[in-house]
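There are two complexes below, and they share chain A, which is joined by chain B in the first and by chain C in the second.
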Partner chain A sequence: MAKKRGLNASVMTVIMLGIGLPLSFSLSVTLNLVICSLALIYLIYCRVSLKTTLLVLLAALPLAFGSWWSFLIFGTGDQWHSAWIYGSRVYAYLLLGMTVTMNCRVKDLLLSLHLHLKLPATFAYGLLAAFNLLARIRQQYHQIQASAMMRGQVYHLWQPGLYLRIIIIALNWSGDLAAAMTSQGFTEGAKRTISFVDPLPRWQWLLTAGLIISYCWAAFVIQPW
Partner chain B sequence: MFVKGAIFLINQSKKIHWTLRDVIFLAIIAIFFGIIYQLWSYAYYALAATPLKPYANDLTLGVWIMAGPLAGVLLQKAGASVIGEMLAAAVEMLLFSSWGASTLLSGFIQGIGNELGFACTGYRNWDKLGLICSALGSTIITFIWDLFQSGYRQYSFSLLIGLFVIRLISIGFFAGVLVYWIKKMVFKTGLIR
Partner chain C sequence: MIKLAAQQLSFRYQPTKSLIFDHLDFQVEPGTFSLLTGPSGCGKSTLFKLLAGLYPQYGGQIETGQVVLDGQNVAEILPNQRAKKVAMLFQNPSRQFAMRTVSEQLTFALENIQLPLVKIPQQIEKVLAVFNLDSFKQRKLQTLSGGEQQRVALATVLALDSQIILLDEPFANVDLTGRKQLLHDLKQLQLNYQKTILVADHDLSGYQGIADHLYHLDSKTPQITSRPLTELQQSATSWPVSLHKLNSGDLSWQQLTLVTAKRQLLTGSNFTLPRGQLGLLSGENGVGKSTLLAALSQLHPYQGQISYQQKAAQKFNQQHWNQLVGLVFQNSSDQFVRLSAQDEIKLSQKNSLQPKYWTIKRIIQCLQQLDLAGILDQVCYQLSGGQQKKLQLLSMLIMAQPVLLLDEPFAGLDPQSLKQALQLIRETATQLQLSSLIVSHQRAGVTEKLDYELELAHQQLTLLQGGLNNG
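Entry: the complex of A and B
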């Protein structure tokens, strides 16, 4: 089934951070569940892959379970309440994040942030350039490990040699990419013409403000269980 | 040619503004870190699925914090730590994470902690002193953040002391000693001055 166009990527990012921040200070299981349900409904509305959604939710189960259990063992005060708050919070964060990451392609997100939230072009296009190298960077990581093994060495995560190799590659590639982009006409700080179309009707900003304000009001004034 | 190019990076970096090359450089490092975080998270998951999750958080936190101070000591300019850490967090959230929105928020808090450390030296010391301050800054700031975000304030005082010490050791090693070794190796190659 084809994906349905959801809210604008910039709006979703602001909602995610605008609710994510007060979420860190709220002490309500009910609100965590409300966030989870609304996010899930939104994901279903946008027709994201159900299989991927389920897999991601399953992968986070050990984290949520660990949080839940740790408060039963080490918690003070109302341990059951704490356990459910922090167990469900793992999922509230995860689902909030998924509303952005599962709906927007990296390119659309970066260009949308550039258009609507003033992310400088140098960052938007620079990040995009690096993201396009993702497959090569993965391959390179395996090559670094393989070439070390050919010399009878194994690079562990706590050895500086591994990071030195990474930095040298990053220096090399970033120089090549920046030079290639500049030679294709990218000029830092210059005004750009943009063919990318990303509609953002005003009602979406109103919805964003409404959601964030109602969440804060519910979390800090009503304070449900 | 390559050495010339690398030194060019640093000459550019001394300026306040961010060049395209700085951004791509940090983003590529951030993606490598994303891959490293993914490998590291297997170790984290093994512990985090048990009541020992707070220990897992604090024991492994240093690795998640490394990107910030590394960006700081390599680019040596104000804002590098917080932007480096944010980039690593953004890459992690977009590609690999099972923490969702909290990845970006934690990345920002961790970067601010490191940044405050370097700011304490007036952005003049990017060596041992700067790294010690940065490690202390991020330990304290992230611990305060976890009192709220991860519910640490519900734990007993003795557990909190233990967790703080473990966090300090983890951040001190990965985001302090290891970053210092890496910096020394990189500067020895002459690619960055």
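Entry: the complex of A and C
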């Protein structure tokens, strides 16, 4: 099934941050669960890959369980309540993040932030270039191991030397890339033509404000269990 | 037409380092196709980055003089204005794209120079058509070959409508077919679009009838001199390898078959690499030479049997196998394990399989022979392309695996460096009885030092009978 266009990427980022921040101070299991369910419904509405969603949720299970368990054992006061707050909070954060990351490509997100939230072009395109290099860095990792072995040196995953080399290579690449981008006319702080189309109707901002305000009101005024 | 010239230019990378150029004067003739040659590390890349206005923004400092573009100091022009006048193509084709696809990349460049929105799609269609790249529009850049990537980079430059195009060793990671195609494209840009083209290259082949000027940058007195075009003439000989009597050897393969995701490269091949001799692995580009070397190094899957002293490769772990078979990668920077050139050599010396042969004295002698003695304190990745090649080669020779596979070890080396590098491989292989197999598209000055040639064509590997020579 084709993906459905969700809310604008900038709007989703603001919602994620606007609810994510007060979420750290809220002490309500009910609200955490409401956020989880709303996020899940939104993901299903947008027809994201069900398999990936389940895998991510499953991968977070040890983290959620760890939080839950440690507050149950070492917590003070109402341990059961604390345990469920912190256990469900892991999922609330995760699902909030997924509404952004699983719905838009990195390029769309960065350019949307550039367009609507004044993220500097240097930052947006620099990050974009870095993301486009990631696949090659993965390739490079195997190459590094092979070349080291041929010189009588074995690199294991846990050795800092391996990462040091990856960083050096990445730095080197980024230097070349920056020079190339300059040569192609990219100028810091200068005006550019913008061909990226990213509609953001006003009702989406109203929805954002509504969601954040009602969350804060529910979390800090009503304060459900 | 736009003029570009270096006037009394002096430049150095760091205040404590010596000058790379001292009062250099050089003018690029507008509307011409010029070729600049010079030994590895003489400063060709540095000069190009200065001409393109990338230095001193990306390093170093100008001590005297300036580079003048159209009457203005090039470094002071804003990049989005400069790009319409001068643009550069880089040595590493894949590291010049910020975006993911061909169309995104072209859009990015055109947005930079503030081309009106409605004109962007037209301009993209137009330049892609010039290079017959129409079908590439939505292709991912990282999946293209080196030659294709350089053509996309060239299309970007044409889209920006830069008058002067600087190409710094643009063919270092491009195969022969790609090279011919690109040279043809460049000439068309000069003739049909009145572009000024300046290329830095070590390999003079293919420029006859294309280049209008030949310049040489000397490393001793960094001044640029004009050379007669007759130096571009190539002799017609095809540089065959005369076959010597082959020794027995340790590494052999039986019924070897290689397949990649796209196609079959080799079917049922049998051979034993002779000990103490040097072989050339030749064949058209893309037939699978690099893949064969990777398979022999156990870095690429294969069918059939590869064995060392009759023991199947599968019975060795990767670490042990790499002590028997060494591979000199096509891209030098893939080989480096340490940060500085000195540490790179020291690591090899420490882990060398032939420590008695590779004494300090011998290593110093080799460093001098390859003209590397002066750069030992530098960071590997900051050396010039040619110096990286030589450092990489020496560090692998010091390791001295009994089987040494070399993938384009001479690419980008000037004639003198090539001679020294080949001489060193020859000496080491003979004295330590190493079995060596070399992939090299450069045959001039190489083939006479080799003992046999294996040609890979039509999925078959054939030992060429180039006149049996028992000498």
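FYI, the second predicted complex is superposed on the first by the 202 of 225 C-alpha atoms of A that agree within 3 Å, B and C clash if a C-alpha of one lies under 4 Å from a C-alpha of the other, contacts with A are read in each partner's own complex, and residues count from 1 in each chain.
Note that in this section a residue touches a chain if its C-beta (ideal position, glycine included) is under 8 Å from a C-beta of that chain, and two chains touch if they have at least 3 such contacts.
Note that this is a predicted model, so its numbers are computed, not measured.
Trainee: Go through the superposed model and pick first if A:G75 touches only chain B, second if only chain C, both, or neither.
Mentor: first
Trainee: State whether A:S147 touches chain B only (first), chain C only (second), both chains, or neither.
Mentor: The answer is second: A:S147 touches chain C but not chain B.
Trainee: Could you look at A:I85 and tell me whether it touches chain B, chain C, both or neither (first, second, both, neither)?
Mentor: first
Trainee: With both complexes superposed on chain A, which partner does A:A218 reach: first (chain B), second (chain C), both or neither?
Mentor: So A:A218 meets neither chain B nor chain C here.
Trainee: Touch test for A:Y125: chain B only (first), chain C only (second), both, or neither?
Mentor: both
Trainee: Please work out whether A:T101 is in contact with chain B alone, chain C alone, both, or neither, and reply first, second, both or neither.
Mentor: The answer is first: A:T101 touches chain B but not chain C.
Trainee: State whether chain B or chain C is in contact with more residues of chain A in the superposed arrangement.
Mentor: When the residues of chain A touched by each partner are counted, B comes out ahead.
Trainee: Contacts for A:I169 in the overlay, against chain B (first) and chain C (second): which applies, first, second, both or neither?
Mentor: Touch status of A:I169: both partners.
Trainee: Can A:L177 be said to touch chain B (first), chain C (second), both, or neither?
Mentor: Touch partners of A:L177: chain B and chain C.
Trainee: Touch test for A:S67: chain B only (first), chain C only (second), both, or neither?
Mentor: first
Trainee: Considering each complex separately, which residues of chain A are in contact with chain B in the first and with chain C in the second?
Mentor: Shared contact residues on chain A (touching chain B in one complex, chain C in the other): 125, 129, 168-169, 172-173, 175, 177-178, 181-182, 186.
Trainee: Going by the contact rule at the top, pick out the chain C residues touching chain A in the complex.
Mentor: It is residues 49, 52, 54, 57-58, 78-80, 82-84, 87-88, 90, 92, 94-100, 104, 107-117, 120, 141-142, 156, 160, 297, 299, 318-319, 322-323, 326-327, 329, 333-337, 339, 347-348, 350-351, 381, 395-396, 399, 401 of chain C that touch chain A.
Trainee: Which chain A residues qualify as touching chain C in the complex?
Mentor: By the definition above, chain A touches chain C via 107, 125, 128-129, 132, 135-136, 140, 143-144, 146-154, 165, 168-169, 172-173, 175-187, 190-195.
Trainee: Show me the residue ranges of chain A that touch chain B in the complex, using the header's touch definition.
Mentor: Residues in contact with chain B: 16-17, 19-21, 23-25, 56, 59-60, 62-63, 65-67, 69-77, 79, 82, 85-86, 89-90, 93-98, 100-101, 106, 109, 120, 122-123, 125-127, 129-131, 133-134, 137-138, 141, 157-158, 160-161, 163-164, 166-175, 177-178, 181-182, 186, 188-189.
Trainee: Which chain B residues qualify as touching chain A in the complex?
Mentor: Residues 2, 5-6, 8-9, 17-25, 27-32, 35-36, 39-40, 45, 47-54, 56, 63, 70, 74, 87, 90-91, 93-95, 97-105, 145, 148-151, 154-156, 159, 173-174, 178, 181-182, 184-186, 189, 191-192.
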